[in-house]
Structure formats: C-alpha cells, structure tokens
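For reference, the structures are reproduced in the following blocks.
Heads up, the next two complexes both have subunit A, just with different partners, subunit B and then subunit C.
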Partner chain A sequence: MSIQVENISKKFGDFTALNNVSLEIPEGELVALLGPSGCGKTSLLRIIAGLEQADAGRILLNGEDQTSSHVREREIGFVFQHYALFRHMTVFDNVAFGLRVKKRAERPTEKVIKEKVFDLLKLVQLDWLADRFPDQLSGGQRQRIALARALAVEPKVLLLDEPFGALDANVRKELRRWLRRLHDELHITSIFVTHDQEEAMEVSSRIVVMNKGVIEQIGTPEQVYEHPQTPFVSRFLGDVNIFHGRVDQGWLDLDGWRVPAPAEAGQREQVAAYVRPHDVELTLEAEPHLPPATVRHIHHAGSVYKLELDVPARGTDETIEVEVSRREFQALNVSTGDTVYIRLVNPRIYPREDAAAVTVVSEIGTKSAQFNPQIANGEIHLAQKT
Partner chain B sequence: MSTPMLTAARPAATARPQQEADWVRYALTGAALFVIALFLILPLLTVLVEGLRKGWDAYFSALVEPNTLSAIKLTLIVAAIAVPLNTVFGVAAAWTIARFEFTGKNILLTLIDLPFSVSPVIAGLVYVLIFGAQGWFGPWLMEHDVKILFAVPGLVLATVFVTFPFVARELIPLMQEQGRDEEEAALSLGASGWQMFFKVTLPNIKWALLYGVTLCNARAMGEFGAVSVVSGHIRGLTNTLPLHVEILYNEYNFAASFAVASLLALLAVTTLIFKSVLEWKQQQDRRVAIEESVQ
Partner chain C sequence: MAQTNRSLIPGFRPALTFTIVYLSLLVLIPLSALLLKSLGYGPSQWFTLLTSPRVLAAFRVSLSTSLLAAAINVVFGLLLAWVLVRYPLPFKRVFDALIDLPFALPTAVAGIVLTAIYARNGWLGQYLEPLGFPVAFTPTGITVALIFIGMPFVVRTVQPVLQDLDPAEEEAASSLGASRLQVFTKIIFPNILPALLTGFALAFARGIGEYGSVIFIAGNRPLVSEVVPLLIMTKLEQYDYVGATVIGMAMLILSFALLLIINVLQAWTRRRAGAL
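Moving on, here comes the complex of A and B:
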C-alpha cells in the first residue's frame, strides 16, 4: 500500500513538530525517517498511523483519504520503541490478540488462530517461547514478538517507532539485518523512525532526513550521503569539517588556500565548504595551494585511522579531522608532530547564510572545525568560531 | 589463601559503624510495639470484650435486634450504591488524567483531593444547605415530594463525596507509570475502545483498582461525620451502623453498642488483611512494569 503525506502540520502548544510536510512512499518500500530528537519524525509516524491527529494536511493510504479515520481502520501494524507487549498475556496470546478482537463474522476459529500464531512465531524464530510472559524475555526477543503481533493482522503498512532504540548495540545490529531480510521476504510497505544514521543507511532503501519539523532531503542512502542537499544533511549523515571562504572563478578561496570548486558552485561571495574526513587527502610533498598541517593526534579506530590536524597558518586551536585507510596510513608513515599537506576533495559548497546555524553541530555530536572569516588589514582571516 | 583474608575482613564487618547498638534497636522496636498495643490493639480488644460482657446470647441478640438489622441493611445499601459509583468515577478520572493533556488538568487533580481536605461535617452541611428546607432546592424538592435529606439519597450523596478520591488516587500514579503504549498497541491491532479497556487497561490496573475499591468500601461503611449531618437519626430508617453505635452508646446500652461496634471492627480488620494481600500483588505488578520500562 502506498502512503501519501500531504502538507501535514502539527503543533504541540507553541512547539511546531511538523511544518507543512509532504512525502510520498511507493508500495513495498522500506523507508527510514531520520533526524535528531525533536525533529518531528515520531509525530509524523504517529500521524500516519492515526495515533495522533494532524492540525492540517491529509494522509492518503493507497490513494484513499484516511486523514480522519481511526487507527483501527487504517490496516497498519505499529511497533513501539518499548515493545508495548501486553504484560499480563503470554507470548501466544499477545500475537493472537489482533485476531481475537476481530468482529465475530471475520474472526478465525481458535484452530486457525493457533496455526497462524505459530507460523508467525516461527517467522520470528521464537515459537519455543509461546507460553512465556513478556517479562521473561530479553529485549530483542520482545521486539521480535511485538513485530509478530503487528504482522498477525496482515497490515498493509508497517510502522516502526525507533524499534531498536532500547536494545544493546549487538542485538540492535543483528535485528537490523533481520528486519531487512524480513522486508525482502514480505515486501510490506514499511516506515521506521530512527535517529541513528548508520541504522538508516543499513536498513532502508530510502531515507527521509528531517530537521525542525521539515524534510531536508529524500533519497537513497547513497544519495543523501554523497550528495547532501543542505548543510544539515551534510552534518547529520557522518562527520564533516566546515571551512568558510568564497567562490571565485572556479576556485574555492579559503584565504589564500585555493581549492578547485565544483562547477555548480557558481560565483558566490560568502560560502561554507563541507568536507568529510575521508575526503581530505594527505600528501608529504609540498604543492602550490596546498597548506601545510601538523599532525596533532592519531586515533586507531579499527579499520581506519583518524587524524587530528592543526593548520598552523590559521592561528587557531581548532583541528580538522581526517580519516585515512590503514593502507594509506602505512604508506604515509606519519607520526604525531609531522607536517603533511592537505587537499580537499569533493567539498560541498553552501551559501554562507545557511551555514550560520552551524552551532547545531555540537548538539548532534559530529565533530567539525569551524572557521569564521574576519577582515583585518584588508585581508580575510579564517579564525576559529567561538 | 582465601580463609585468612576473610578472617582479616571480619572485624570491620562486625563493627557495623552504620548500625546502632542492639539495645537501641530493641528499645525502639519495643516502644513502637507498646504504642501500637496501647492505642490500636487494646481498644480493639475492648470493643470485643465489652461487646461480649453479657455473654454470647446478649451479643447475638443485640446484632439481630430490628433496628440493628435495619442499620446493617442501610449501611450495605449505601455502600452498594456509593462504591460502584466511585469506582466508575475513579477509573474515568484516572484514565482522563493519566492519558490526556488538557488545560485544567491540575485543577481536576486538586478537586479530586478536595474530600480529603474538607472536614466530613462540612461536606454534610453543604448538602443540608443545598437540599435542606431552607436550602437552594429545598422548596422545589418539597413541592415535588422528593426526599433527599434525612433519607437514603442524602446518605448516598454524602458518602459518595467523602469516598470520592480513594479509587482515582490509587490508579493515577500506576496508569501514568504504565503509559499509553499498550492501549495504543491494542487499538492499532484493531481492538474497539471497550475491547481495549477490558482486555488491556483493566487487567493492568486490577490490583490497584481492587485496593482502591477496598479502601473506598471501608470508608463508605465507616463514615460518621458527613452521614451524621444528613441522616436525621431516624431510628430504623436513616441510621447507618456508625450512627447506630453512637445512639446505643448514648442510651447507656453499652453491651449492644460494643457488639455492633465489633462488626465495624471486624470489617476494618478484614479490610486490612485484604489490603495487605492486594498491596503485595500490586507491588509485584509494579516491579514488572518498572523492569519493563527500564529495559
């Protein structure tokens, strides 16, 4: 069943949770609503489910306007962050609930219910737990039971609200893959809410990045990561180094340090350049326009090495972060205190006004260097933003 | 290896710097027990002993005396109306408060507590002012021959007022803790409102609800002040058990008075036992709820 969200707005008191949001999800997709807490993603999911009413806008399921229909009429399956299993019922009764509350005419016989419940429990590989109560299960088991319970009524849409948010890192990873496989098997249109970009990239076929009640970008995991359309998407999906400067005749001028600018950057005065840590190339040989940097710190982060670099000419304490593969690192063979030259690859250029909101960076936990241009003696200096 | 280490640790363990000497503990426990015996158990025993002073025959004949029987009947009727009413009110109020955000929620919470903070006598007087001969609706009621004061409706009203908070107060914290998730899950699975209530909400709150109902019932049967004001003390007609005890006592009919009082005492003891069982059950439920919300 396809889902259409048309101009949905929702306010809680003075707080705008959703501001004129529109979204279309074709049948059979597995879509992630990704964003920081308070961005409106859970509200949007609950409005699609009918657990919350929008102040304005329409929800269309399979082309039919369902804006004012009750949650029980929308044929959705909802999975809650904290499982919401019925604590006084066994696992079997939990999964059977949706079948047993059907109207008498539609209700299957107990025998059919039993078969169906055991089929579902086998699907989630937990048929041996049928007689247990929810408090006797682990978190991962509970969430799988919750999913089986939601699937029992054969919903046309599956909505998952931070389904792995309350689980351990290991269980979370396992369940992600499992959900992906389950979706490949069932092809049921699914939306899941998450604040974890890695989770969204791994599980979903499309990602809807949200911030402050609006959609920032919709695209495949690759699109939103490789071609972020807004500074926010750049920052939220992965770490980023931020440089301020200007674009001039095909060059990105960062105060005497010039980098070839992407063609679409045009001719703009004040810009912010966003560069991912793995898009900074290091070389040991001096070249024109490549500024020298000092290696301040080296982290060994498993498959990659993370380097913190000082760019001394800037006269700032703020370091930039660079990621290099093991092999590259071994070839470079640098250690703390060495000098390297840095080349920015694939910088994302945004108008300076957008980048004014960069203070958000610390809130969402990405590390970045921020430079503010200051004019002194007729020259632009990039100084650390305080 | 481990044995010497254990012995070395022993002196520190026996010193127990946090704990008082044994005699302090015994003295405090003893004092508490003494106070309980003096002020709680002794009066209870007195009721029984005084009631039985003239022997079992006199005790039972005091209980089956027509006015006593009528008092028992009236008390049961009043409780049978007031308790279910307050159960429904209580569940509805608790559900509204725990599940919804609305303006005036805090005012509603405060109003639920009002009967606890107002003296029962005042509560009774309020009804006299509203329904009495000189009250707001008195003349109209007299014209239409409707009796509220000095009749069963008045007794029920006063009792409902006084016992209003018990059920709601018991349910609100529990329902707030349990949250809306399970109910929303039930609805998303296609349950109707009533199915949700009877299959999910009610089983989750049943022990707290029974506990509230038990306390409400005990208070409904034992209420004196508010009921005394609106009753009119018409023997055999508007006297509940507590009022009947007072009348017998004032007539120097001590044995009968204590015999009837022993019934109320029995009700109290039964309630306490029932209450402890429910409390224990409820704690178990709540522990599970907390464990679930933590995980």
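Moving on, here comes the complex of A and C:
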C-alpha cells in the first residue's frame, strides 16, 4: 500500500513539530525517517498511523484519504520503541490478540489462530517462547514478538518507531539485518523512525532526513551520503571537517591555503567546505598546494585508523579528523609528531550563512557523533602516555 | 564457614526481633487476651450465644451491608479514579483532595450528617420515604454509610495503577483492531483487577468493623438494623464481658477467613497477570 503525506503540519503548544511536510512512499519500500530528537519524525509516524491527529494536511493510504479515520481502520501495524507488549498475556496470546479481537464473522477459529501464531513465531524464530510472559524475555526477543504481533493482522503498512532504540549495540545490529531480510521476504511497505544514521543507511532503501519539522532531503542511502543537499544532511550523516573560505577561479581559498575546487562551485565569497574524514588524503611527499600537517593523535578504531592533524596553514587550533584504512596507514607508516601533506577530495561547498545556521542545531542533534570520539581519543592517548 | 550463610541484606536478626516484638505488642497479645477471655464460655455456651436470633441477624446485617458497600465502591471507585486519571478536569486537585475526606472526618460526624440528610425530614429523605424507599434506620442506610467510609480505599488503590498503565499498550491494542470496549476489557481491566480486589478487601474490612458512622444512621433495631460492633457494645454495657469477647472472636475469625479468600484470589489474578 502506498503512503502519501500531503502538507502535514502539527504544533504542540508553541512548538512546531511538523511544518508543511509532504512525502510520497511507493508500495513495498522500506523507508527510514532519520533526524535528531525533536525533529518531528515520530510525530509524522504517529500521524500516519492515526495515533495522533495533524493540525492541517492529509494522509492518503493507497490513494484513499484516511486523515480522519481511526487507527484501527487503517490496516497498519505499529511497533513501539518500548515494545508495548501486553504484560498480562503470554507471548502466544500477545500475537493472537489482533486475530481474537476481530468481529465474529471475520474471526478465524482457534485452530487457525494457533497455526497462524506459530507460523509467525517461527518467522521471528521464537516459537519456543510461546508460553512465556513478556517480563521473562530479553529486549531483543520482546521486539521480535512485538513485530510478530503487528504482522498477525496482515497490515498493509508497517510503522516502526525507533524499534531498536532500547536495545544494546550487538542485538541492534543483528535485528536490523534481520528486519532487512524480513522486508525482502514480505515486501510490506514499511517506515521506520531512527536517529541513528548507520541504522538508516544499513536497513532502508530510501532515507528521509528531517530537521526542525521539515524534510531536508529524500534519497537512497548513497544519495544522501554522497550528495547531501544541505549542510545539515552533511553533518548528520557521518562526521565532517568544516573549512571556511571562498571560491575563486577554480580554487577554494581557505585563509591563504588553496585547494582545487569542484567545477560546479563557481565563484562565491563566504563559503563553508565540508569534507568527510575519509575524503582527506595523506601523502608523505611535498606537492604544490598541499599544506603540511602534524600528526597529533593516532587512534586505532578497528578496521580504520583515525588521525587528528594540526594544520598550521589554517590559522586555527582546530584539528582535522582523517580516516585511513589499515593498508593505507601501514603504507604511510607515520607516528605522532610526523609531518604529512593533505589533499581534500570531494569537498561539499555551501554558502556560509546556511552552514552557520545549521551548526547550532547539529551541535544539539549530533553531539555524540561530533565531539565524543575526540574527547575519548584524548583520554586514551593520555592514558597511554603515563 | 558462618560467613557463607549471611544474607546480602544486613540486619536480618534485629529486623526479625523488632517485627515480632512490635506485632506481639500491638496485635498478637491483645488478640490472645481476647481469645483467653472468650474461653470463659464453654462450647455449648458459645453455640447458644452465636446462634441466638439477635446475634445471627446482626452478623447477617454486618456481612451483607459490608459486602454490598464494598462491591458498589469497586464500581464507582473505579469510575472516580478513571475520571481523575484520564480526563483533564477543572479543579482536579480539589476533587482529588475530596476523595480523602472520609479518611479524615470523624466517623461520628459522617454518621450524623448522613442521618440528617436521609432521615424522614432530611434533604433527601423527605423525597425518598414517600416513594417507599426509606434509607435512614434501615440496612440501606448502613450501606450508604459504609459506601461513604470505604470509597477512598478503592480510589486510592486503583488510581496509581491506572496512572502507571502504559498508554502504548492501549495504542498497540487499537492498532491491532481492538474496539474501545475491547481495549478496556482485555487490556486495562486485567491490569487493574488485582488493585480492584485489594480496594474491595480494604473497603470490606473497614466496613465490617465500622461503628461510629453506622450507629447513627442504622437506627439499631434488633433483628433489622443492628450491626455486630453495636451488639458487642451492648453486651459490654450489660457487663457481659465474656459474651462480648465471644462475639468479637467470631467476628474476627469470619473476617479473617474472608480476607484470606480475597488475598488468595488476588494472588491468583496477579499470577495470571504475569506480574509474578
């Protein structure tokens, strides 16, 4: 079933949760609503579900206007962040609930219900837990049961509100692969809300990036990551190094440090260039226009090495974050204090005022992604020194 | 290795000692005294006293009015708690405070006020009596007084449970196609049933021992509207101490048995509710 969201607005008191949001989701897609907390993604999901009413706008499911219909008439399956399993019922009764509350004429016999419930429990690989109560299950198990319960009524749309938000990292990883596979099997139109960009990239076929009640960009994971249309999207999907300067005759001039600019950059004053850590190339040989940099910290982050560099040409104390693969790192063979030369690849250039406006927001939204690793690095480094 | 037997929580021995001494002073010793005193009658005297028509009638009145009042309180107490928790009301805090008033009011005051209202010449009594529905000085009047006394027990036990119900559970039920009635009967009611039973037990226990508010509105007509606590008082006034303790003892055993049944019932619903 396709979903159309037309000009939806929603306010809570003075706070604008959604500001004239429109969105179209074709049948069979698995879409992620991605954004920082308070960006309106959960409100949008709840409005699509019918658990919340919009102040303005329309919701069309399969082309039919369902704006004012009750949640039980919308044929949706909803999965809650904290599972919302019925505590007083066994796992079996939880999954059977949707079938048992059907009107007598539509209600299947207990035998059919039993078969169906066990099929679903097998689908979520938990048929051996049928007699347990929700309190006796782990978080990951509970969420799988919640999904089985939602699927029991054969919904046309599956809506998941931060389904893995309350789980620990390992379980989360396992469950999102599993969700992806499940979707590939069932092809049910699904929307899931998340604030974790990695999760959105891994699971969904299309990402809707939201911020402050509006949609910033819609696209495949590749599109939003490689071609972010706004500074916010750049910053929210992965780490970036931000440089300020201007574009002049094919060169990006960053306070006296010149970098070749992309052809489409044109001629602009006051720009901000966003470069991802893995788009900074390092070389040991001096080349024209490549500024020297000093290696300040080296952090071994599993599959990659993360380096913090001081660039004297920048004229600020801020370091640049660089990510290199193990192989590249071994080829470079640098250690703390060495000098390397840096080349910026694929910088995204935005007018500076847009970038400045977004900084404030993303500091709230992506604090952990932006700042914590550096602090953590510093501590690790100090610990090694002493 | 005495160490290995130590409980993780320290102070088990002083805690147990304190509990036993405290319970003995306040409950066990007085009750034992009651039992000893009541043994001043032999079995045949016990039987004769307890099967006398006046005593039997008093037990019938006490039990039936307490049970009825507690049952009515369960229904309307739930309604009150529901309204207080679920709806935005003007002056909600005032209403909320009013619920506790029967706790604080001297019961005699409540009894006098209720009598004044429901008596033949009272505000409500003057309309009810001509309709053939006298309240004051009948078992109905006793029930009214007991409803007044027991209401806060139900509201105050159900209210926090209602408040803690996860709204997402109800939303989940709706999204699975449950009607409003089904959401209540299948999701909300099973969750609050143990609290409702507790409220019922408390209201009933309070009702069966209630004296102050009942004696004014009951009219205390032997065989009709005389409750057991009043009968005990009557015996005492006649210096029949042993008789009073025998009735008291019978009352104690009966209410203990009833409360035990309610507790077992409650444990059973709780187990069924999965909250072990």
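By our rule, the second predicted complex is superposed on the first by the 356 of 386 C-alpha atoms of A that agree within 3 Å, B and C clash if a C-alpha of one lies under 4 Å from a C-alpha of the other, contacts with A are read in each partner's own complex, and residues count from 1 in each chain.
Note that contacts are C-beta pairs under 8 Å (C-beta built on N, C-alpha and C of every residue); 3 or more make two chains touch, one makes a residue touch a chain.
Small disclaimer: the values here were computed from a predicted structure and weren't measured.
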Room on subunit A for both subunit B and subunit C (clash or fit): clash
Subunit B versus subunit C as contact partner of A:Val153, first or second or both or neither: both
Touched partner set for A:Phe97, first subunit B, second subunit C, both or neither: both
Touched partner set for A:Leu186, first subunit B, second subunit C, both or neither: neither
Common interface residues of subunit A - those touching subunit B in one complex and subunit C in the other: 49, 51, 70-72, 76-78, 80, 82, 84-88, 97-98, 101-102, 134-135, 146, 149-150, 152-153
Sites on subunit B touched by subunit A in the complex: 179, 181-182, 184-192, 195, 199-200, 203-204, 288-289, 291-293, 295
Complex contact set, residues of subunit C against subunit A: 166, 168-169, 171-179, 182, 186-187, 190-191, 272-276
Subunit A to subunit C touching residues, read off their complex: 49, 51, 70-72, 76-78, 80, 82, 84-90, 97-98, 101-102, 133-135, 146, 149-150, 152-153
Parts of subunit A lying in touch with subunit B, wherever the complex brings them together: 49, 51, 70-72, 76-78, 80, 82-88, 97-98, 101-102, 134-135, 139, 142, 146, 149-150, 152-153, 166
